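Please go over the structures that come below.
Shared chain: chain A. Partners: chain B in the first complex, chain C in the second.
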Partner chain A sequence: MTTLSRYAAMAFAIVVLATFLPRFFWQAMDGQQERVQMVYSSVAQSFLFWTQDRYGRDSYHFETGEEMDRRAYALLLPFRFARDLVRWGEMPEQVGGVDVNPETLYREVQEIRMRPRSLGGPEIPLYHLLEAASGFADLEMPKEVLRLSGKEAVFIRLRDGRPDMEKSQSFTEALERADFHFPAKKAWGNPTTRKPFDWGLFVLDARGDLFHLMQVQGRAVVRAALKDFSPGVRHVHVEEHRGRHVFGMLVDERGGVYRMNFPDYALKPLPLKGYDPSTMRLVWRRDPLVHQYTVMEDNALTLTVTDHGDNMLKEKRMELDPVRSESARKMASFLFPFRIFQSFPDSGFLTLRADVSRDFPLVTGLGLFSALFGLFLWRRFLGISWKASPLDWLVAGGCGFFGLLAIIWAGHVPARRLPERGKA
Partner chain B sequence: MIQALIFKEWLKLRWALCGLLLVGLGILGFMAQSLMADFASGPAVPIWQNLVERQVMFFSGFKSFGILTGLVTALVQWLPDTPNRGLRLQFHLPFPQMQGMAVMVGCGAGLIFVVSLSMLGLLLLLTRYYFPPPVVEAVGITMLPWLMAGLPVYAMSSAALVEPHPLRKICYAVIGWQVAALYLEGCGYAGFKEVLFSYLLLGLGLLFAPFLPGKRFKGEGL
Partner chain C sequence: MLRALFYKEWIKLRWPFLILGILGLASLVQAGLTLRYLVAMKEVGELWEGLIIKQQMPYASHLVFPQFCGLVLGIFQWFPETHKRRLRLMLHLPLREGLVVLVVVATGLFLTLSLALAHGFGLALLYGLRFPGEIVTALAWAWAPSMLAGLALYCGTAMVLMETAWWRRIAGALLVVGFYRMLTAGGPPAAYAEALGSYGLLTLCLVIMLFLPVMRAKRGGSL
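Here is the complex of A and B:
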């Protein structure tokens, strides 16, 4: 029992050390990165940069490095700073041969941002399905929530928590008529009243087909959006925009990302190579002339510019100064052969996973060897036989300094009787 | 002998049990009153928006209850026996020492389970009164790791109290606190859904921790 107790204590010490020590280490050692924004100017037909240093000082410059002031920067980006240009009376009538009408420009410019964490996370499977055609100017939050995770659609009234049987039955029938199979696996929407109109929910049915469900004057409007989509749908980012260019973005189970076009739900793969939605952030920006896709990695920024037919016009990749210096990464590899994480980069769910250090394998090996040597010295100092508790060698050899610290803290079994004072 | 040991532990732990149940009932009562006032005072839409969209947890008052349960149980159980070396007398009874220790740890863990499960059951009843089953399920899965945090806190506080070496005492306390932090990690509803069983095993495994300090407490130089 004592041996079991010792190894249990050691195991938890290792879990705690491998979770928190690297976290504290990187809190102390992480450097600061300049904030950089790379954009494409259709006026200058080149890339422009805005940077903010660690002291909050802004600077604006061309691809060539030539600096400019903020006003000049805004003048080169009329779709981004349209309100400023209109205020200054500097809005051009045409850009790149396309007429620009400041009053309708808001319909032409759209921006969608996607983060890895938004791809999945814990939620209560109850959805607010807004009324899409109430006849009033403003949207209102509904007075019931929709449950689709059972054998039928159930509207639960918020005031008393009871189902609205009549409405539930009408929606269940509408969904079944559209060949929807209960229970729904997942549903995505944009449940806010701060938008010009409502596109309802995109619902993934039990067979993996995607349906578009809207509430129009209290009745269900259901359309099959994607049938027999072989990679499977992982996430749908729904965004209502006055221009009604796209329903949003769709991410498949293999990491492919598509624009879901309005009104036919046609999927257009994004013209991006090497974009991984599980680890990288994406900003898609559409203006009257081009599409700009900005992919943000830890230490790099890539901007791809295409025309509206998704033909690539320009692309630029910019390496950023690494947040973590090489010496700090080497030190981390020496001290921490692995880290334990409680979270996933692309999900809000929690776990407990070990991530083995692969940065500098030789340095990691040296660290493990040093831990073994440390254990040898400690045992020699205390006069413990090297044959005692042979599992300790495995712990130190496999867990490095985490294991060594845990062994020293837990003490040694069986007992080494210390000589009584005075008799030694 | 086992029955006698259990009775001894019962004498120590009964007031802790009553106190913890009372504190838990107090938190529940406050929660019930708040929910009732919220539903009575205006439209239900914002309450549901907070619950479903913004993931504001009306039962967040229970977040530290597991830690409180573990800490109080450990203090009530081990504090009377350790400063004046009363535990050593038990170790000299004609009964296997570690078995006696196991009975004590089992009693402490049992109290944590009783208190936690009672509170969980009552909270789920309260939730069911106001909300439909998907909310009840999400509340249950969210609450479980908070309550399970009582196990590492109990195990490591017990080990820290029994451990005679001051530096190791501090290490036990720090490790217990940090393991508990793993259970309280912020996430949305039911973030632990896929790993609840693993975390339960982790907590149960930690219950072995006080045995080695027990051996040291007896005076066996380990």
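Here is the complex of A and C:
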């Protein structure tokens, strides 16, 4: 029992140390990165940069490095700073051969931001299905929530928490008529009234088919959006925009990302190479002339510019100064052969996932060897035979300094009671 | 003998248990009044939006109760053992050391768990009367790591009080505080749902390791 207890103590200590020590190390060693924004100017037909240094000082410059002031920067981006240009009376009538009407420009410009975190996380499977055509100017939050996780659709009234049987039955029948199979695996929507109209929910049924469900004057409107989609749907980012260009973005189970076009739900793969939605952030911006896709990684920024037919016009990748210096990374590899993360970029769950250090294998090996040598010295200091508790060598050799610290903390328990002081 | 041992522990813990029970009841009354206030003062849609879309937890402050129980019962059960070598005396009972430690620790954990379970059940009942099962399930997911944190605090307190070396007490306390932080890192109610088994296993390690300081106290330990 003592042996089991000792190794339980070590396991506990190793997990806690591997969670916190690397976190503290990087809190102390992480550098500061300049904030950089790279955009494409259809006026200058080149990339422009806005940077903010660690002291909060802004600078604007061209691809060539030539600096400009904030006003000049805004003048080169008429779709981004339209309100400023209108106020200054500097809004051009045409950009790139396309007429620009400031009154209707808001319909042409759309921006969608996707973060890895939005792809997964715990949620309560009850959905707010807004009324899409109430006849009133403003949207209102519904007076009931929708449950789709059972064998039928159930509307639960907010005032008393009881089901609205009549409405539930009508929606269940409408869904079944559209060949929807209960229970729903997941549903995505944009449950807010701060939008011009409502597109309801995109619901993944039990077979993996995607359906579009809306509430129009209290009745269900169901359309099959995607049938037999082989990679499977992982996430749908729904965004209502006055221009009604797209329903939103769709991420499949293999990491492919698509624009879901309005009104036919056609999927258009994004023209991005190497974009991983689980680890990178994406900003899609549409204006009357081009589409801009900005992919943000830890140490790089990539901007892809296409026309409205998704033909690539320009692409630029910009390496940013690494937040973590090479010497700090080497030190981390030496000290921490692995680390345990509670949170991951693409999940809102708090898990315990180990990540083995692969940056500098030789340095990691040296760290493990040093931990073994440390254990040897410690045992020599205490006068413990190297043959005692042979599993300790494995713990130190496998877990490095985490293992060594855990062994020191767990200590040893003599097999028999030690003689009382003075009687030895 | 086992019954006598359990009775001895019960005598030590009965008053703290009773007081904690009353505090738990008070916490449930307050949770009920808070819920009633929220329903009365907030627009009903706003309350549901908060619970479902923003995944707010109006019951969050009441989830501290299991942790408080673990800490208090740990102190009341193990602090008396640190005086006049009572722990050594207990280990000289005509029973196997493993069994003695097991009964004593199991009694403390059982009482902590029963208080936490009764309180958690009360909270679930309060919310279950007004909200659908999904929201009560979310509450249960939020309660589970809090209960594990309670057990961890009980074990941590016992370990710190029983350890023989000061540096090992401090290091152990830091590790337990670290684990406590891991279990109370926040997030939505079901944030721990994917890895609750792993956190439970780690708590079990902490329970099993309690045998170590007891043996060290009895036999004397090296550095």
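As a working rule, the second predicted complex is superposed on the first by the 412 of 424 C-alpha atoms of A that agree within 3 Å, B and C clash if a C-alpha of one lies under 4 Å from a C-alpha of the other, contacts with A are read in each partner's own complex, and residues count from 1 in each chain.
Please note the rule applied: contacts are C-beta pairs under 8 Å (C-beta built on N, C-alpha and C of every residue); 3 or more make two chains touch, one makes a residue touch a chain.
Remember, predicted model here, so these are calculated numbers, not experimental data.
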Three-chain arrangement built on chain A, chain B and chain C clash or fit: clash
Partner chain(s) touched by A:A206 [first = chain B, second = chain C, both, neither]: neither
Which of chain B and chain C A:A266 touches, first, second, both or neither: neither
Which of chain B and chain C A:A354 touches, first, second, both or neither: neither
Touched partner set for A:W409, first chain B, second chain C, both or neither: both
Touched partner set for A:L382, first chain B, second chain C, both or neither: second
Which superposed partner A:A9 touches (first chain B, second chain C, both, neither): both
Contact residues of chain A, present in both the chain B and the chain C interface: 1-2, 4-6, 8-9, 11-13, 15-16, 19-20, 121-126, 128, 141-143, 145, 147, 149, 156, 158-159, 161, 191, 342-343, 348-352, 409-413, 416-418
Residues of chain C defined as touching chain A within the complex: 44-45, 48-49, 51-53, 55, 97-98, 130-132, 134-135, 138, 141, 165, 168, 171-172, 175, 178-179, 182, 185, 187-195, 198-199, 202, 204-206, 208-212, 215-216, 218-223
Partner chain B, residues of chain A touching it in the complex: 1-2, 4-6, 8-9, 11-13, 15-16, 19-20, 121-128, 141-143, 145, 147, 149, 156, 158-159, 161, 191, 342-343, 348-352, 409-413, 415-418
Contact footprint of chain C on chain A as seen in their complex: 1-2, 4-6, 8-9, 11-13, 15-17, 19-20, 121-126, 128, 141-143, 145, 147, 149, 156, 158-159, 161, 191, 342-343, 347-352, 382, 384, 409-414, 416-418
Touch list for chain B against partner chain A, complex: 43-45, 47-49, 51-53, 55, 98, 101-102, 130-132, 134-135, 138, 152, 159, 168, 171-172, 174-175, 178-179, 182, 185, 187-195, 198-199, 202, 205-206, 208-212, 215-216, 220-222
